[in-house]
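As written, the chains take the letters A, B, C, D and E, and residue 1 is the first residue of each chain.
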Amino acid sequence: MLINCVAYKDGHKLADIDVEAISDYVERGDCFVWVALRDAEPAELAKMQEEFGLHALAVEDASRGHQRPKIEEYGDSLFSVVKVVEQHNDELVVGEVDIFVGPNYVLSNRQNSRQDFLGVRARAEHEPHLLKQGPSFVLYALMDAVVDRYFPLVDAMESEMEALEERIFSKSAQRDNIERLYALKRKVMTLRHVVTPMLDAVGKLHGGRVPSICDATQDYFRDVQDHLFRISSSLDAIRDTIVTAIQVHLSMVALEEGEVNKRLAAWAAIFAVLTAWAGLWGMNFKSMPELDWKYGYPMALTLMFSTSYALYRRFRKAGWL
Amino acid sequence: MLINCVAYKDGHKLADIDVEAISDYVERGDCFVWVALRDAEPAELAKMQEEFGLHALAVEDASRGHQRPKIEEYGDSLFSVVKVVEQHNDELVVGEVDIFVGPNYVLSNRQNSRQDFLGVRARAEHEPHLLKQGPSFVLYALMDAVVDRYFPLVDAMESEMEALEERIFSKSAQRDNIERLYALKRKVMTLRHVVTPMLDAVGKLHGGRVPSICDATQDYFRDVQDHLFRISSSLDAIRDTIVTAIQVHLSMVALEEGEVNKRLAAWAAIFAVLTAWAGLWGMNFKSMPELDWKYGYPMALTLMFSTSYALYRRFRKAGWL
Amino acid sequence: MLINCVAYKDGHKLADIDVEAISDYVERGDCFVWVALRDAEPAELAKMQEEFGLHALAVEDASRGHQRPKIEEYGDSLFSVVKVVEQHNDELVVGEVDIFVGPNYVLSNRQNSRQDFLGVRARAEHEPHLLKQGPSFVLYALMDAVVDRYFPLVDAMESEMEALEERIFSKSAQRDNIERLYALKRKVMTLRHVVTPMLDAVGKLHGGRVPSICDATQDYFRDVQDHLFRISSSLDAIRDTIVTAIQVHLSMVALEEGEVNKRLAAWAAIFAVLTAWAGLWGMNFKSMPELDWKYGYPMALTLMFSTSYALYRRFRKAGWL
Amino acid sequence: MLINCVAYKDGHKLADIDVEAISDYVERGDCFVWVALRDAEPAELAKMQEEFGLHALAVEDASRGHQRPKIEEYGDSLFSVVKVVEQHNDELVVGEVDIFVGPNYVLSNRQNSRQDFLGVRARAEHEPHLLKQGPSFVLYALMDAVVDRYFPLVDAMESEMEALEERIFSKSAQRDNIERLYALKRKVMTLRHVVTPMLDAVGKLHGGRVPSICDATQDYFRDVQDHLFRISSSLDAIRDTIVTAIQVHLSMVALEEGEVNKRLAAWAAIFAVLTAWAGLWGMNFKSMPELDWKYGYPMALTLMFSTSYALYRRFRKAGWL
Amino acid sequence: MLINCVAYKDGHKLADIDVEAISDYVERGDCFVWVALRDAEPAELAKMQEEFGLHALAVEDASRGHQRPKIEEYGDSLFSVVKVVEQHNDELVVGEVDIFVGPNYVLSNRQNSRQDFLGVRARAEHEPHLLKQGPSFVLYALMDAVVDRYFPLVDAMESEMEALEERIFSKSAQRDNIERLYALKRKVMTLRHVVTPMLDAVGKLHGGRVPSICDATQDYFRDVQDHLFRISSSLDAIRDTIVTAIQVHLSMVALEEGEVNKRLAAWAAIFAVLTAWAGLWGMNFKSMPELDWKYGYPMALTLMFSTSYALYRRFRKAGWL
């Protein structure tokens, strides 16, 4: 679905143009065309391929979707895949934005994503001194918008981790904790598999040999990569913490089990002693003098409860009870 | 076993040719020969070595089989080993395709694999504008076909992983879960040991210094490598998830054991109290006044069951029962 | 908030100058200006940007804060972010110092940090032979001060680790130990996430291609990096030790549980034997000759206690009791 | 001990020569000398050093033994250490072959190894077209022979691993399994510590800058390295599998313990109920009407066994019994 | 404390010289000065800095101590820190040797180390053909002596590891084993943190770009690095083994616990049966015909012991007893 198709000159909007007219504007050389698609049909992509002269392999990747984040050079144009990640009902949903950038055009195709990028275009149109840097600035602006949307996800994960940490050392809801740790790990990994290849890809747009389109905007891409580094190191920290937390959880479970065992053992001992005394005087020997004593029974009761109590005190002191 | 032996010119089939005639066509220089073998005998390979002038070490590797995936340069020709992986009855079976590529020929030998590559040839013959790029395009087409067959395997592994994840947190079939996690890990490792070296090998066919044969088809090989990257990162994700799942599994088992222990302890306590009361009044002291009371027995029963019930309530509240 | 604004010439203080006058001094070329800010407001930063001609992206990073440690080149000037870490009540608090360095100026902005850097300026002013090396020496002096403050944190972590190690092998306070190990791990990770990127960043200031400003002061930055390496390897050692300690802790808990189990089993056995004897003679069979014996009861007691004692000795020998 | 000392020209044996004559042949320039030693005495090595003009450090390494696998250049000659690994009685024994290669000579010294390399010489002498490539071909042939002897060891380890995998999931012989896993891990590590440095070393003999002696035989060394890669990745796979197997083993032990615990708990419950009933009617209250009923006893028995049976059925259904 | 101060020419000792005279000899250019200090005071170091013209940063590092092993270039001189490790009472004590090397001098300062390096000087003076290679040979000789002292430590660790391995699979002294494994891990890590940075540092003295002082002695430093590699890979092997051993230990503890549990369960079952029988016949029902039988009691005893024995046999067969 076509969303926008606009020609820009010196950072200012020239006109909304027709799809048919794209190739004319692209050939003029003094302006550039910025087209935004959403969940484009093969036919639309084919039309765009024709108008912009896109490389067959890039178009094939874009129409198939489910690519890794990447930036590929085809002659003097770039094909870039970035991933948008959105949280719907405690699940991370991964969508994709495919961006074709040439000397005189930018074509973006958003797939499987609810959030649009209209704000990026609006902001760019308000900053003509930046927009006049051309298509590579648009590429930067789109990437920056995508990456900025990762931060709240990472923040949410960090909060979740902190909430879980407090619960690990309490004794309740252990089963729930481990399930939530596991779910958090999955989310971290989903985001990491989006961020890590993008980090490599953006790294090719500044520093050493850089595609000629991006030569003048290197500092911007270094900035994007820096944001990705920050996200990546936060994710690594969470991941590392989860691993430790699972280990610690196991230790805590073992410790608690040990405590329950000790308490069980202590009570078992106390009742075993009681039962032993009772069994003793429940025997049917003819000649058991204490049974005939007048105060035999109270004495027996005293003995039973005092041995029990002595044991109880001892276990209490040892920390078993 | 010889499957096909065809000469092509400008992307179009010239003729099915005789093995004897191969060297003539190879020497013509305006066409190329594409030979497909299957589980070739040493004699067949020797014949091919003679016709194509293959390098002795490459032929030795091909006749021995069980090589690592690799791409080796011998002068201006390439020797490439790729692995085909097929699922037979819940087992991954690894076969091999050895591909010799020279300026004017492609020779492939498929070993220990049920699936053929006739479709690759058919598709290539329908796209003469691509096929006329020569032997390196055929190499790409074969590799692409091999790699495309990895995707359904990875998808199946991901589904299996998801199925297992749901079961880890349920209490049933723990032993089966751990066996299936282990089996899945093995499969992931089998595929990884096929994909990782291939990733390195294909990386040599685009980017920096590239064998001269593949110079014009670099973008295709970058595409293959990109697919391999995608597979590789999916495999890494599954592998990482399995490791966590095994840890979590251990925690779940420990948790469940702890719960069983607590329940056991609770019931043991309840019955220990009952038994202690019964033991008390089972003693044979002469003078135990309560034994002679009229409502001694009902009173005793009430006491026994009310202490039991009080304990039961308390354990219930503590979550032990 | 402006803290200082001073111009230096040949290592000696020229004058405290007005913010307005900064650009005049910067343009003179024979002196340099060193400005220190604290938690600067956007307006202050904008003023500084104008006076020093700072790059927009760098200023944006500085005003947003929460950057990774980094050193970025913008033309012939540097933008550097270093992190200060302070311990407040058993928590590590991470602040930030943003440093802009140009051929004739240094501008530092300290954020979220209690400790000032007045000492750095004082020391520098007492060593004019060093200070006359210009802005890059100031950059070094600030970095060195920041890094020197990491050492006591690392020392405290090492002491904590040693204290914990002694406690792991004792039987007490296991739950507390594991909590403290976990908390220590968090601290180590916090510091590591500050040190590691800084290590990479400082590495760019000596050795290979070096920003021209730092050319003459390379040895100083090598020294800073060397300190960071030392901290980093200490942190790695602590981290590695914590991982092992958690594993060992789990082993110790399992061992102790095993010992409790054995003791429980031993006592249970002893009482089970007693109870069995008592049960035997508590049966109501008419004809049980031993019940009528004169010394039946003492004999029974002897038997009961001697079997118990024999068991006790045996368990003692086996190390269960 | 001297084993052979032969001069070769154009790939054909010239003559068995005297040790004294070595230097004469080495200086001729149109032939090369291939000497094989075994567990050479210092005196023999000193003699060889003199005849061949070997470097002092290399000779010192060779006489001390216990080197890491390595290939070192000394001027235009090479000193190579490779490790031979042999299985004696379920133990891996590591021996060493030190090889000195110069433009006109090869000197090998085999230490602490039972297997000889006579076959290598025999085969080389039967292939003069290969042998005439000179000393570097001999180096290749020796290395290839050494590496080929690693494969059966790896195969044996893989078989052992497969045998162990089947046993982990059975309930028997757990202690033996874990001991065998541990022993296997040791073997894998022994071989890995032989293979990994050799991989690095051989990598220097092909590809980038190559010692001039090996220039013409690069493809052969690439082949050796490829074999080493194959072994190395097999070893990594086994090692990875062992780690998982130990984890899984622990899970299996915990699971089995849990099952035993449940069964124990179930039986304990059944007997506790029985004992409670018996205790009830063993009390000595005067007025317990059911004791006087005619069918009191059979009724009691029925009650006791039916409650027990009901519990038994319930535990059976829950999978505890 | 000054230990020696000697001037050498052409590998032969010229004279023991005065500290004051050092600068004269250093300036002569045809000889070199080798000074050895021990735990030098700041004043001594300042004196040396003056005589030799040492770099301020290097002297500062040397006077502070506790540096990482490193080799740093300051103009045409080197500053090298190596660590000496000594075993005192089952503890590893880490000392330090700081070595300053210039074209005409070597200055070593040993700190916190009991062992001296007099032997190195003695040996060097007996080999003038080597010593005449100048200060870089002395640097090599000192490093070689330091590294040679690591080997017995590694050997002791390997022996300790082997001793521990045999004990893990026995059932005794589990707590002691885990403590010793932990202590061994600490020692391995101490040595590793000494060896790893030294490996990197020495690597800069041979191969690619080498400080001009060491140009002629590269092969020696390659030899030192090779020794360090050997030590490093041994340490890695021990470390890896310890990790596995701790895991295995946990498995063994769990296994043993499982066995104790089973035995406990078996005995509990046997006595529960006995107690149940006794409870049955201890009930006070009026009409219990078997109680009145003449052989009721012997029959009961027979029943009790035969059921117990049957259970005993069954548990024995199942391996629980």
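Everything below uses one rule, namely that contacts are C-beta pairs under 8 Å (C-beta built on N, C-alpha and C of every residue); 3 or more make two chains touch, one makes a residue touch a chain.
In this text the structure is predicted, and so the values were computed from the model without any measurement.
Subunit A and subunit E carry the same sequence, and matching their CA atoms takes a turn of 145 degrees, rounded to a multiple of 5.
For the pair subunit A and subunit D, the distance between C-alpha centroids works out to 39 Å.
Computed centre separation for the pair subunit B/subunit D is 24 angstrom, with centres defined by C-alpha atoms. Among the residues of subunit A, those touching two or more other chains are numbered 247, 250, 254, 257, 261, 264, 268, 275, 279, 282-284, 288.
The touch graph of these protein chains is a ring, one cycle where each chain has exactly two neighbours.
Beginning with subunit C and heading toward subunit E, the contact ring passes through the chains as C, E, D, B, A. The touching residues of subunit B, counted against subunit A in their complex, run 165, 169, 219-220, 222-223, 226, 229-230, 233, 237, 240-241, 244-245, 247-248, 250-252, 254-255, 257-258, 261-262, 264-265, 268-269, 272-273, 275-276, 279-280, 282-288. Of all the residues in subunit E, the ones that touch subunit C in their complex are 55, 57, 61, 67-68, 70, 72, 74, 174-175, 178-179, 181-182, 185-186, 189, 193, 196-197, 243, 246-247, 249-250, 253-254, 256-257, 260-261, 263-264, 267-268, 271, 274-275, 277-279, 281-284, 288, 290-294, 296-297, 300-301, 304.
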